[in-house]
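Dropping the structures in below, format is structure tokens.
Shared chain: subunit A. Partners: subunit B in the first complex, subunit C in the second.
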Partner chain A sequence: MVAQQETVLSDEQAKWLQEAGTSVKRNAFYMKRALDDDNLREALRYSAAMLGELRTSLLTPQRYFELYMQAFNELQHLEGFFRDETKKGRSYADLYELVQHAGNVLPRLYLLCMVGACFIRGGEGAARDILKDLVEMCKGVQHPTRGLFLRSYLCQVSKGLLPDTGSEFESEEGGRIQDAVDFLLLNFTEMNKLWVRMQHQGAQRDRDRREKERQQLADLVGKNLTYLSQLEGLNFELYQGQVHPRVLEQVVGCRDDLAQQYLMQCVVQVFPDDFHLGTLSPLLAALPQLQPGVKIHVILSSLLDRLARYASVQSTVVEAFDEAGVFQKLLEAAKSVVTQQSGMQSADVTAMYIALVQFTSAVYPDRLDYINQALTACHTALAERSAQEGEGVGAEKQLVQLLSIPLDSYDVVTVLALDKYPSVMALLSPPTRKEMAVKIVDAILKTGTLVDTVQRVGMLFDFIAPLATDVEGVEAPEDDEDFEEEQNLMARLMHQLKAPTLDGQFEVLKAARDRITQGGPNRLKHTIPAIAFAALAVVRGLSAEGQQGQSKTEPVLQFIHSLTAQLAEAGGAAEMALQLFLAAAQAASDEAHLDVIAYEFFEQAFIIYEEAIPDSSSERTALASIVGALQRIRVFSPDSRASLVHKATGYSAKLLRKADQCRAVLACSHLLWQEEEAQADPPSANGDTPAPAPEPSATDDASPDDSSPAGRTSEAVQLQAPVRDAEGVMSCLKRALKIAHAAQQQTAVARRANDTEPVSLFVEILNHYIFYFEAGLPTITASVLQNLLDLVQNDMAGDSCQKDSALVAFYKNTLGHIELQRARGGPAAERYKQIKVPA
Partner chain B sequence: MVLVLCIGDLHIPHRQTDLPSKFKSLLVPGKIHHILSTGNLCTSEVYDYLKTVCSDLHVARGDFDEPNKYPDEEVLQVGAFRIGLCHGHQVVPWGNTSALALLQRRLNVDILVTGHTHQYWAEKFENRFIINPGSATGAYSTMTTKPVPSFVLMDVDGDKATVYYYELHGEELKVDKSEFSKSA
Partner chain C sequence: MKNILGNLGLATTASVQLTFKRGDGQPLKTATLKTKGGEPEQLPLFSSKETICAEVKVANSPGKKVDHYGIKVQLLGQIELASERGHPQDFLSLVRDLAPQGDLVKQETYPAEFANVEMQYDSHRGIQVRLRYLLRVTISRSYANSVVKDFPFWVRNYEAAPAPVPNAAPIKMEVGIEDCLHIEFEYDKAKYHLKDTVVGKIYFLLVRIKLKHMEVEIRRRETTGAGTHARNETETLAKYEIMDGAPVRGESIPIRLFLSPYDLTPTFSNVHNRFSVKYYLNLVLVDEEDRRYFKQQEIQLFRLLDDKAAANGTAEAAHISS
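== the complex of A and B ==
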């Protein structure tokens, strides 16, 4: 409907324009012919007729402009003729009189303007008087569009003829800069009045279209200001004393949204930076008085952009800003706009503060307090508005933008000092608040910023509260995956909490723990492992500094203990808790040399294994980890170690499947045979002297008077010599064989004749015999190995085994290993020579 | 020529924030044909990331991976090589060459890729090859006191494998190379 209407309108417009244009052309033709005939009177008649077409009220400003330009071009001919006329001796004063005879006011005024300009240019008349005359006479046209174009014409033709300082038209009679300013200001004022009046023309329903048309005319009005700013003689005093107050008076006084919006920005754009600095107070004072529909933040932000650019070019400007108290003025202005413009949208309020914070971070990079003040003011304004309206703040996009400025300008640790930041964040809706928190964490991770003090950790957690705790009003995350991603982000963040000293680091981790534990069990699960590992690194650091032992490492290990216990209690994280206990046990042994604590960690791991490991696959992994970790431990006295080994071996035998049992028991055999350390004494040359199970090396300096583990507090002890219990290994291996036999019988009972698993267990056991044979265990003699080898060879001969290519390869590889070892030379090779390898 | 990336024990987010950016910029998508991961990716985000580097991704379960997500062992054929993959926490004593060789005989593989110790290591053992690419993030380890980030890129050309080993010391990237060919 509307579109259709507009097409009709536009068709009509084109028709009217064409008609008027034709008339302009025709009259121009006759005008030029009259000029050729040197018939001035006729020429004036036709030119008046031509200009008469501009009296139309039918055309839109856009079309009217086209017609105006057409007439404007034709007028050039007349102007040229006038110049020639004066050379022939006719004075401009005569011409000035002559054109007054034009019948209609509009053509007459156009002609007067043109002649008037020639008059000044020719030096015949005083610029001051003629300009004053013209600008006053133009009041005769009060129709907005016609008047605006007429005055625009006046402005256009008189450009360069003003009695500006240093201009050839400046003189005692011709006038001074003051007259040039007066002329432009008066023209500006009159044009603005016409422009504003336009909105009251015509029907109310056409208002939108009319405003659009008015918008198109804005530059005609603004041209006066541009010319003003281009005056050579316009110094600061003149600007401050006259131009600025008179322009603002007009702008504020016209009470028109469109005009105020355009002209305020025009003022900001056209006049120089230092003028703005000097007139900042009155300029800012005008802002709150503007119409409610004016986008004040847009004006303010162009002003602040200019000031910031000004400051970036000249270093002395910032000092000048300080002297002028620029920041305080801006802040007060923003506050006062908020107070007086009660209808201002929250989004616009925020946009205004965005401009202010951007300005501050650009001009005063080290004045964080300014940013804080701006945030405070913004928070106050928005909180009040939302309280009054009884609904949320809205303005999410702008608030996010506002909060992002400090993150982009400073590193996050600096931003943490903005104590008002979290309150502004709190104005966001919960989902957006969380997004903002994610953004903060991302910024830390991306830049690798370290959060290095307890205080900062506290502030950080305030900032990212929506990630660390449940937020009121938000349901628990619906999507587990999203929640997990969020919490993984938090876990990664924990590694950025890093103090320069180990003591400080421990404090930082404790502070993080305090905050993390407020987040409930679901969050704990993700973040506790990260804190625990960071704490393990502290233990390692202390050990590297030679600070093993109770006073330093014990509190850290206790901290890890309580964290891991919390994790175990949280539920659903049993495997992780078990692994953490094992890692901590190894640290307690390797780094801190605290046997009692290491034992406690193992005990906790065993309890979890017994009570909380959910399925057999997890059981296998958990048991492998327990055995692997315990195998390495060197801190335990033989008694403590024996109980743990006993327990672990017991678990192995309790696994459901015989094959799993057998493999686990084989792994447990290694608990009784630790490797020599690289720097320790090499094993005896022929390898058949058994290393005796070592006595507990209770040393004088470490554990002076107590040999019972139960009664001891955690004193650092010396590491024990490696365990070398050849008998124990042998009994483990025998146990494995027994299980493999049982498995074999089981398959027979179940008539699974093709099940080769028992045989592959035998091959695996054989390989363990080989392992220990090479390690030189006195219990694994050549004949023991030979017996097993023969047994396996016998089993392997079976049909089903021969069909199992993986098993055949395993066995073949095993024999191949023996061959290679035998060929290699050295002590093991010698002993291998006693072995008869089946062909 | 087939490029095989061996990478594992990242332990994100439990022990480290991220893969070093230097490594990330080396691991551009579209260059690598297979990834053999020694596990401990810990989260699906890390798995997804590796998938973007190369979609043919094989992962062995690490002691910090979710149960039942990845197999304990895997064997695959690349060029002339049978390659076995196992995280290594199941092989006691941890990191022990003889124990790993035992696993290698059982899996019947020419090359065994294993992790867990967070220490790069490559050894030729009885005409077979064992590689540990270390921890790609240089994560804390109970076994290695000062782990550095490392991974291995294997260039397999028929029966010849060139092993490039990348290690990050602070900001300095060190690259080392060794060769292994399959004897008949």
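== the complex of A and C ==
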């Protein structure tokens, strides 16, 4: 419907324009003919008739403009004629009167402007007086569109004729720059009044269309300001004393949204930077007085853009800024806008501060306090607004933008010093706040920034609180995948918490721990491992610095212990907790040489194994891990070790599936047989190790070892010699064989003829035998091995086994190994020679 | 028939010609008058206190003798109302005898002179009244109709520019319709010469109606009779648009109206107790529904002495109409 109406409208417009255009052409034709006949009176009559077409009220501004241009071009002919006419002796003064005989005001004034311009250009009349007369007489046209075009014509034809400084029209008589300024200001004022008045014309329902049309006319009004700015004689004093106050008075006084929006920006754009700097206070003071509908932030940001560019070009400008207290003025202005424009939307308030912060970061890269002040003001403003409205702040997009500026322009660590930052963040809705937090973490990870002090860690966690803890208003596990991703980020972030010293590092980690442990079980799963491993790195670091001493490492291990315990308690992450305990035990043993603590870690691991491992396959894996870890531990006394080994072996027998039992027993065998060369660095007492230039503080810390409080639970101990229990190993191997046989029988009972697993177990057992054979276990002789080999060979001959290509390959490789060892030579080869490898 | 009448002396038996001349020997001035018919009319132009000379040529028809009681020339000033056409009232009558009783047998030329004639009224051709001056040559005859011939001329009187009155108050008046429209208009003075310019301003003190445009009209009112018998005829001589569009409160609109293009006369008040001609500036405001609001203000017009020279010949009427 609407579209249809518009088409009809535009069709009509085209028709009207065409009719008017035809009439303009016709009258122009007669006018030119009269000019050829040298008939002034007729020429004037037709030119008035031609200009009379501009009296139409039917056309939209755009169409009217087309008509205006047509008439404008035709008027050039008349102008030329007038110039000739004066050569014939007729004075411009005569012509100036003559054209005023026209009965209709609009054509009369067009002619008057044209003659007036000739009058000045011819040097006959004083520019000042004529301009004054013209700008006054034009008041006769009060119709907005027609008046605007008429005055725009006046502006156009008088351009270059103003008594500007240095212009040929400047003189005592013709006027000075002051008169030029007065003329343009007056024309500007009148045009603006007309422009503003347009909105009250016509029906209320056409308002939108009318506003659009007004927008199209904006440049006609703005042209006056452009010309003002182009005056040679417009120096700062004149600008400050007259142009600026008078323009602002008009702009503020007109109380029109559209006009204020356009003109304020116009002022900002057309006048030079240093003028703005000099008149900053009054300019800013005008902002709060603008209409509520004006987008002040747009104006402010274009002003700030200019000032920032100005500052970037000339280094002295920043000093001038400081002298003028530019930042404070801007901040005050922003505050005052917020106070006075109570209806201003939060989004716009924020946008205003975005401009301010952008400006600050561009001009004052080192004034973080300024940014903090701006954030403070923004926060105050928004908090008040949301309190009044009783709703959220809204303006999410802008707030995110605001908060992103410091991240883009400063090092993230620097941003952490902005103590108002988190409170501004808190204004965001929870989901957005979290997005913002993700952004911050991303920024840290991307730039590889290290967060190196406890204080900064505290700040950081304030910043990213929504990632670290549950936030009210957000259902905890929204999208699992997203959550995982976020927490992965958090985990990665933990590795960016790095102080320059290990002590500091530990402090930093503790601080982080205090925060992340509030995160609830779902987060702990991700964050605790990360932070625990970071702590393990500290232990390793201390060890590398030769500070295995318990006073140093023990607290760290305790820290890891309590973290891991928390993780275990949290539930759902039993395997991870178990792995962590094992890794910690490893560190306690290898790095810190603290047997009691290591034992405790194992104990915890076992407890988890017993209580929390949910299913058999997890059990199998967990047990493998335990065994793997325990195998390497060298710090335990034989008794401690024996009990742990016993426990582990006991677990292996309790596994559900025979195959699992078998494999676990095989693994357990290794607990009784540690490699000689497993530990590269010679195990020695703590004190014997030549510490590589320990730091004084470290030494100080290390010295009170002996006098450490009685509460100490463990001492650094020497590493034990490797365990080599051949008997035990043998019993494990035999048990494995027994279980494998049982498994084979099971298969037969169940008639699973194709199940090759039992055979596979035998091959695995064979491998272990070979291992221990090579390791020189005395009870494994060549004949023992040969027997097993024959047994396996026999089993492998089965059809089903031959079809299992993986098994065949496994077996083949095993045999290949024997061949290889035999071929290699040396003592082992000699022993292998006794073995008959099946073909 | 012609011959019979001629023989009886009833036909026009004598021709009369008259040539105007100025007493001061200067070339004769003329006034160009617009006529309804189109062709402008040119008449000899005099002012009061001037000496009007005439050369009257009288001739008989060839071969006919004209006997008469005497030949005279009269200077007449007449006022003639449309309502009493044919019965003009003379307010001035001077006579010069040119020849005593006798016979006219050949062309005779008689000079005549009216010295320093008091002609206080300007010639005027209005709608319902005209005031005219003429020289009338009469050849009186006893038994036949006298030969009478009129030779009209035009009179314009000039005034010296009034001495400038210090702090002369302009015409200023506030008018309005309550709660609707209040304006204050101002014309720079009350008295203008015919080539003068009316300069003024309209202040809008209150505007609650949607105006479309505003114009100034020059109106002429001719009044005849007096009291209950008074009759008025008004003509609008000029319409001059001074504002296009709707002003708002506080606007002031300039007026600059050049009088020269229009066919104006001085204000005549109470001419010989018969008629008056007065001029008014009528300010007309038209609203969007074409309702007209107006305020009429009398102005005095006079003919300035200085433009006496310009008065010789056509007034420059470059009235641009559109």
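Methods note: the second predicted complex is superposed on the first by the 760 of 839 C-alpha atoms of A that agree within 3 Å, B and C clash if a C-alpha of one lies under 4 Å from a C-alpha of the other, contacts with A are read in each partner's own complex, and residues count from 1 in each chain.
The criterion applied here is as follows: contacts are C-beta pairs under 8 Å (C-beta built on N, C-alpha and C of every residue); 3 or more make two chains touch, one makes a residue touch a chain.
Being a predicted model, the structure only gives us computed values, none of them experimental.
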Which superposed partner A:His768 touches (first subunit B, second subunit C, both, neither): first
First, second, both or neither for A:Phe483, with subunit B first and subunit C second: neither
First (subunit B), second (subunit C), both or neither touched by A:Ser617: first
Partner chain in contact with A:Trp16 - subunit B first, subunit C second, else both or neither: neither
Partner chain in contact with A:Tyr30 - subunit B first, subunit C second, else both or neither: neither
If touched residues of subunit A are counted for subunit B and for subunit C, the larger one: B
Contacts of A:Arg540 with subunit B and subunit C, given as first, second, both or neither: first
Partner chain(s) touched by A:Pro107 [first = subunit B, second = subunit C, both, neither]: second
Intersection of subunit A interface sets (partners subunit B, subunit C): none
Touch list for subunit C against partner subunit A, complex: 213, 238-248, 251-254, 256, 258, 261, 318-322
Sites on subunit B touched by subunit A in the complex: 11-18, 43-45, 61, 63-64, 67-68, 89-94, 96, 98-99, 101-102, 104-106, 108, 126-127, 140, 142-143, 145
Subunit C-touching residues of subunit A, taken from the complex the two chains share: 41, 44-45, 48-49, 52, 55, 97-108, 136-137, 139-144, 146-147, 193, 197, 201
Touching residues on subunit A, where the partner in the complex is subunit B: 445, 448, 481, 484-485, 488-489, 491-496, 526, 529-530, 533, 536-537, 540, 544, 575-576, 579, 583, 586-587, 590, 615, 617-618, 621, 624-625, 627-629, 631-632, 667, 670, 674-675, 763-764, 767-768, 770-771, 774-775, 806, 809-810, 813-814, 816-817, 820
